[in-house]
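Shared between the two complexes below is chain A, which has chain B as its partner in the first and chain C in the second.
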Partner chain A sequence: MNILVFVKATIDRNAPLDPDETFPGDRDDKSDVMTNNYDKNAIEAALRIIEEKGEGKVTAVCLGSDMADKVVKEAIAMGCHEAIRIENSKAEVTHFYSVAKILAAAAKKVGEFDLLLFGMQSYDYGTATMAPMVSEFLDLPLACWVEKIAFNDGKVIVDKVIEGGIRKVEVKMPAVLSIASSGDFEEPRYTSVRRIMKASKTAVPVWEIADLGIEEKKPSVEFDDIEEPPARTEKCVIFDDGDASELVGELLGALKEKGLNIGAYK
Partner chain B sequence: MKQLTKIFKTLNFDKEAQEQNEMILDMVYELAMNEIIEKEQDWDEEGAHFDPATKKVSFPSGMMDLYKKCQQNDLFSIIVPEKYDGFGLSYTLWNAVIELMARASLAFSMFFPSQGLNIEIINNFGTPEAKEKYLPLLASGDAIGAMAFSEPNAGSDISAVGTKAEKEGDSYYLTGNKIWLSHGGAAGTYITFAVTDKSAGPKGLSAFIVDPKIAKENMEVVRIEEKMGLHGSITSSMALDRAEVPKENLLGKENDGFRLILGSLASSRIGIAAQSVGISETALQESINYSMQRTQFGRPIGKHQAISFMLADMATKVHQARLLYLNTAHMKHMGENTQIESSMAKYWATELAQKVTYDAVQIHGGYGYSREYRVERLFRDAMVLTIYEGTSEMQKTIISRGTLSRAQK
Partner chain C sequence: MGEIMIDITLTLLQDWIWDARREAYWPSSIELYGKQIGFLVYLCAAIAVIVLLIGLYRNMRVWFRGKYDQEEQNFTSFIFGLIKRGFKNFFSRSFPKRLYYGIGSGILKRKTMQKSSFIVHTMIMVGFLGSAIATLTLTIHEYVFHYKLLVGPLYLLLNVGADISGVLLLCGVVMAFTRRFLREKPYYERAGVEDLVLLLLLLWISLSGFFIEATRILYGLNHLPLDIHEILYTNIDFEMTSFIGFPLALILGFFITNDNMIFTIHAFFYLSHLMCILILAIILTFSKFFHVLAGVGNIILTDIDKTKGQVKFHPDGISKIEDFTFYQLLEASACMKCHFCHNYCPAQDSGEPLSPLKVIQDVKNWGKQQYGLTQSNKDVNMLGEQSGLTEDVLWACVTCYACTNACPHLIGHVDMIVGMRASLIEEGNVPSTFTTMLESVYQYGNVWNQPKRDRTNWLKEGKLPKIKKSDSKLLWLPGDTLAYDPRNQKVARATYEIFSKSELDYGTFGDSEKNDGNEMRRLGEEALFQMLAEDNIKMYQKRDVKRIVTSSPHAFNTIKNEYPQYGGEFDVVHITTLLLEMIEDGRIKFNSDLNYEVTYHDPCYLGRYNDEYESPRKIIEKLPGVTFREMPNHGQFSYCCGGGGGNMFRETPEWVETRISEKRVLEAKDTLTLPIQDDHKPLKKILVTACPFCTSMLTDALKTQQLEEEFEVMDLVELVNEAMGTSPPSDESSS
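Right, the complex of A and B next:
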């Protein structure tokens, strides 16, 4: 069983936002970068499958600059056997569509695989489009938001989250799955000192986009600009000093004063 | 976390070691901040347990589950030599791990300094048999390491130990009472002292590894303490009644225990300094968050100069204490004698933790006095720091003696 897990370098949630950033994860300070937390659920799923089958290989694939080395090393330190980084140092490729083209081409270059796993979305842009696009480009079956995985006769049977419930789907392999952050893979494992020591000694091959045979680099959609929202000028008034019934009256009075239609209240 | 990794970048680790350090600290931070800190209040409220009928102790609910995660993540093996299933990594990293754990819960972080001291003492002074047997157990965390130094009449004056060790055949038999044992009753190894030559005073003390599996019912918990803080951690009194210790578990030479243990305590003092910085950092962060949320006189209290200057003082002190313990730990990693510097780090960081947690309570006003808020626990927990592992007064004694003797040379 050969599994590829696609991991993304995102900005650490505690790091300051940079509106001028052209590609997520492309920062000068490595400590600002972290593994997209949803991708850790996908890594967990891949590792569990291999552990249960007792054989196979998990390879983490990441598009990013050398800042993303931290992310591929973390994937190995979680238990992935190998990792590949696709160089994107000049932030040549920034749009989701083009990223998906590259990831699909990388999967093709790897050649033999049974499953391509993605996190259900990314922590930063959260478009949840990567798995569907890659499955389309490779013409492979797709199941999104997968909570549970079982195998039967060359097929993979998954529980996928749908609105208000779970749908069981059987797909042929090779297949593309996006893994939900709930269900069986809800708690991704930590790295461990032993695996970190191994990861720091593992050389990660770096592939060039140019070698992947992608013709189309131009994004179909471009970001015109990213700005911080204007500072809010409204003041927050808190009614918390006094009897609740009186406070409600004060609140409604203040809303009425602002010209809000509050129905029958006088 | 960034402050910590920034300091690591200034240390002389090679690129590979830097990368390992960063990844290990990231993992510990995640574990501490995602899981351990959530439980801290419950542990404080529930406390440790002791059943007088069975003489068994137990940790508060869920604590051992997280201890197991530390085991799975190989955290106890950091400073254990590779030969004994460890990774032989630096004391600098080890102490930074202690800081991160203490940020989440001082009670939980207690597992680390005593484990480190057990590992160090057994590695330095254990017989080959003891090293083979106990270091892998301590590295995996299958054995919790405990220290049994204090006795009812021997606190700061460790030389006043009354527990006696009688040699019969290939074993020693220890009889006496030990108090203030962190993890007493739950540990797998206990480093202790006992008198082997009554006429020789401190030079008649020997150090041993007491293994409860060998001592069996001749070693038992008498009670556990109800403390001001640190409720989640077990603090026991134990009685030894002819507890058997095989001769392979003698540390160093007979009658040389006092010198050997006293010299080793410097190491765990760095760990207490690291704990102090951890608890101070959390008090600081809680204060920053609160002072930006709490509005009085029309603006957040953090924007009033009185509070903002308090925060500036707290942040500066925490940074200073962090530099002090990391520098001392790194000196130790580089093979330097840190006897005086360890006491300086311990004295300074622990006193400061009390001041910082006190200020945190003050910033929180009435809420800081309420059990609902974390700073109340931090303040209670911090009170132990200037006491255990040698009081501030003992540290000053060590520092002044050391400094004076240096001056005379």
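Right, the complex of A and C next:
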């Protein structure tokens, strides 16, 4: 069984934010980049499948600049057998649609696979569209937000989260799955620093976007400009110093002053 | 007249003393009952010796599966190494220490032992060894010296010594029986067949010994005058020195008249005595009695100078028997289930599945299971249900060191547990809260999953002095918890205020400070620890720090005991030591009367690991208006707060009813609410500690136990700051 897991280098949750940034994974400081934490659930799912089957290979695929090397190597440290980085230096490609095209092309180039796994969404943009788009481009069956995976010759039976419950779906392989951050794969395994050190010594092949044979060169969507919203003029007042009943009175008084209808209060 | 009397008495006494001889008239039972019995006895003895050797081989087979001193060392060179090590240890300066440990745990009362258990053990040990020596001397007397050794005073000495030993053994065994099976003792609930058999054997050995002696004397008494080695004795009064055997002989004399009866009774006791000893030899290596051999071996071979604050394990971790070192497997064999570790373990006390005793026994049993007499199952994973060493057991350890501290045989429980954790870490089998914490340390250098730039946010006003390059200064390391945990940020501010008020010249790293790594190592994340240690050492050396003061005892421990291995020798103190120094040389002056009643909780990493019990207590003593009360568990027997070894970040499992911290808080409550004799009424009652983890854990426990009305939890630093008053004295004088 060959599994491809797509991982994304996102901005670190503790890194300072920059509104001018177009591609969040593209930073100068490595410590500002982290593996999209939802992708770790996908890696965990892939590794568990392989461990259960006792054979097969997990390959991590990542689109990003050399900053994303850290992410790819973390995937290897976690237990992925191979990894591929698709060079996206200077953030050439930024829009989801183009990214999905590239990932689909990369999957095609890899050729032999039974499952394509995605995290349920990305930590930064959180659009959760990558799995559906890739499945569309490759014309493969899709199941999103998968909590549980079982196999039945040539088919994969998954539990997917829907509002208010779980839906059991049988999907023909090869298939595209996005893994939920709940259920069986809720807790991705810990990657020890020793493993990270070992993985950092492995060489990861880098593919160029140009070699993937994508027709559209230009990104389908471009950011024109990013504007800051107008500054607020209202000031925020916090009533927290004093007795609760008095404070409520003060608050209601202030609201009334602003012309708010507060009913029977005098 | 008087002088003559004394002379006569002395002469008589002298004759009596110098003529005393062991009666050799006694035909040995073996000879009496013919060659067949003799043959059988020797056969049994041979079988016993063979079984003993097989048992020894079985145990040793497991030991030699362990790691040798160096990797790829072959068996013979390791054996030579062992012998060399044994000799070296025996003749080195550590010998008195070893002797102290050996004798200290066996005969003298070690602090961890309960009084009655120490008396019982001393009696059995001295009694058993004394009897064994007496019997051996007799054998030498008969077979080597041909009845010429035990003559005169030497013989009398033997008589007295043998009987004293016998009495000690008998009384000790009887007391042990009552302790194990009659008195209600919760931790002896596990006393089972093994204890019963061993004690019955010892009981019979001591009893039958007396009867053998008595029947021999009785025969002599009945056949006076007696020819002993061609000297005619009209009386054998010197036998009175057998102060148990002689009266017993007289009593037996009432019931037994003819020689045949004496022979029969003697034979019965003699043979059963012998058989009991042979049975003891047979079960020696298979029971807890093996500690008499393995324990001695362990005390001779163990690395006695290993600092308590270091935890030693191979970074690969321990997941199978072959991953332990030779010495660890020897240690496991030396365990005699005395339950001291079990009784002192706070995790066990709070209802966790961890018992240090069981961990050691599990290791031992797993080794024997995998390596029997003939079969050997190599490289079988031992962590899990199959051996009883489950993840729940291993993660429950708070590394408080109470077990190793209590162990009479120097068994390193913590090292083994941490080693096994390391293999869980390597596999990625880690509770998710630990994962978050460890990843946070790797990524941000702190355990609280917070950005680096927020590290000094606790400081609301004022400016934290930064240490600059080659700025030979005192370095203050507040640590992660003081920097990010809201409760402990108060402690950080208090420390800052004390330092400002006393105009201390110091510096900090500000935002660039990093976690010290103590907890990482205790969780088994060795690589992360090494990374942190190397980074920190580089940073300290670059700034050429003169002295380091840490707010956390955990950081203090690792910098003091573990950084030197990575080339970082620093003069490091815990904040309490520094404060005491400052109080003593007058840099800190107290201005306000506190009128508090306090008790002190010893942090494990300050107390048990680094023997710093006095400084905090001295500071409390010097605080004006503070009444100090000691909790029942204090000093080296202090309870834990449950936050050590990374367990601060572990979710408490559902089977724990009262958490460790809650138990401690309840104990503090009992101490602090004791009735006070005089009418003095304190303003506040406070549980003082000196560790951020303790402060945090105990504050939480106070809330869950709804004791917030009763007393507070405070760090010692906060108390000192309060006692100093708000306005610094130096400022007043300058203005």
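By definition in this document, the second predicted complex is superposed on the first by the 249 of 266 C-alpha atoms of A that agree within 3 Å, B and C clash if a C-alpha of one lies under 4 Å from a C-alpha of the other, contacts with A are read in each partner's own complex, and residues count from 1 in each chain.
Convention: contacts are C-beta pairs under 8 Å (C-beta built on N, C-alpha and C of every residue); 3 or more make two chains touch, one makes a residue touch a chain.
Here the structure is a predicted model, which means the values were calculated and not measured.
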* Asked: Just from the overlay, do chain B and chain C fit on chain A, or is there a clash?
  -> clash
* After superposition on the shared chain, which partner residues are touched by A:Ile11: those of chain B (first), chain C (second), both, or neither? -> neither
* Go through the superposed model and pick first if A:Ile49 touches only chain B, second if only chain C, both, or neither. => neither
* Asked: Does chain B (first) or chain C (second) touch A:Ser31, or do both, or does neither?
  -> both
* **Touched partner set for A:Ala104, first chain B, second chain C, both or neither** => neither
* Asked: Does chain B (first) or chain C (second) touch A:Met197, or do both, or does neither?
  -> both
* May I ask you to decide whether A:Glu74 touches chain B, chain C, both, or neither, giving the answer as first, second, both or neither? => first
* Structure fact -> Footprint intersection on chain A (chain B / chain C) at 14, 31, 190-194, 196-197
* Structure fact -> Interface with chain C, chain A side, in the complex: residues 12, 14-16, 31, 34, 78-79, 186-197
* **Complex interface listing, chain B residues touching chain A** => 1-2, 5, 16, 19-20, 22-24, 26-27, 30-31, 69, 72-75, 77-78, 87, 89
* Note which residues of chain A are touching chain B in the complex, please. => 14, 30-31, 70, 73-74, 77, 190-194, 196-197, 199-201
* Structure fact -> In the complex, the residues of chain C that touch chain A are 315, 425-430, 432, 434-435, 438-439, 442-444, 449-453, 525-528, 531
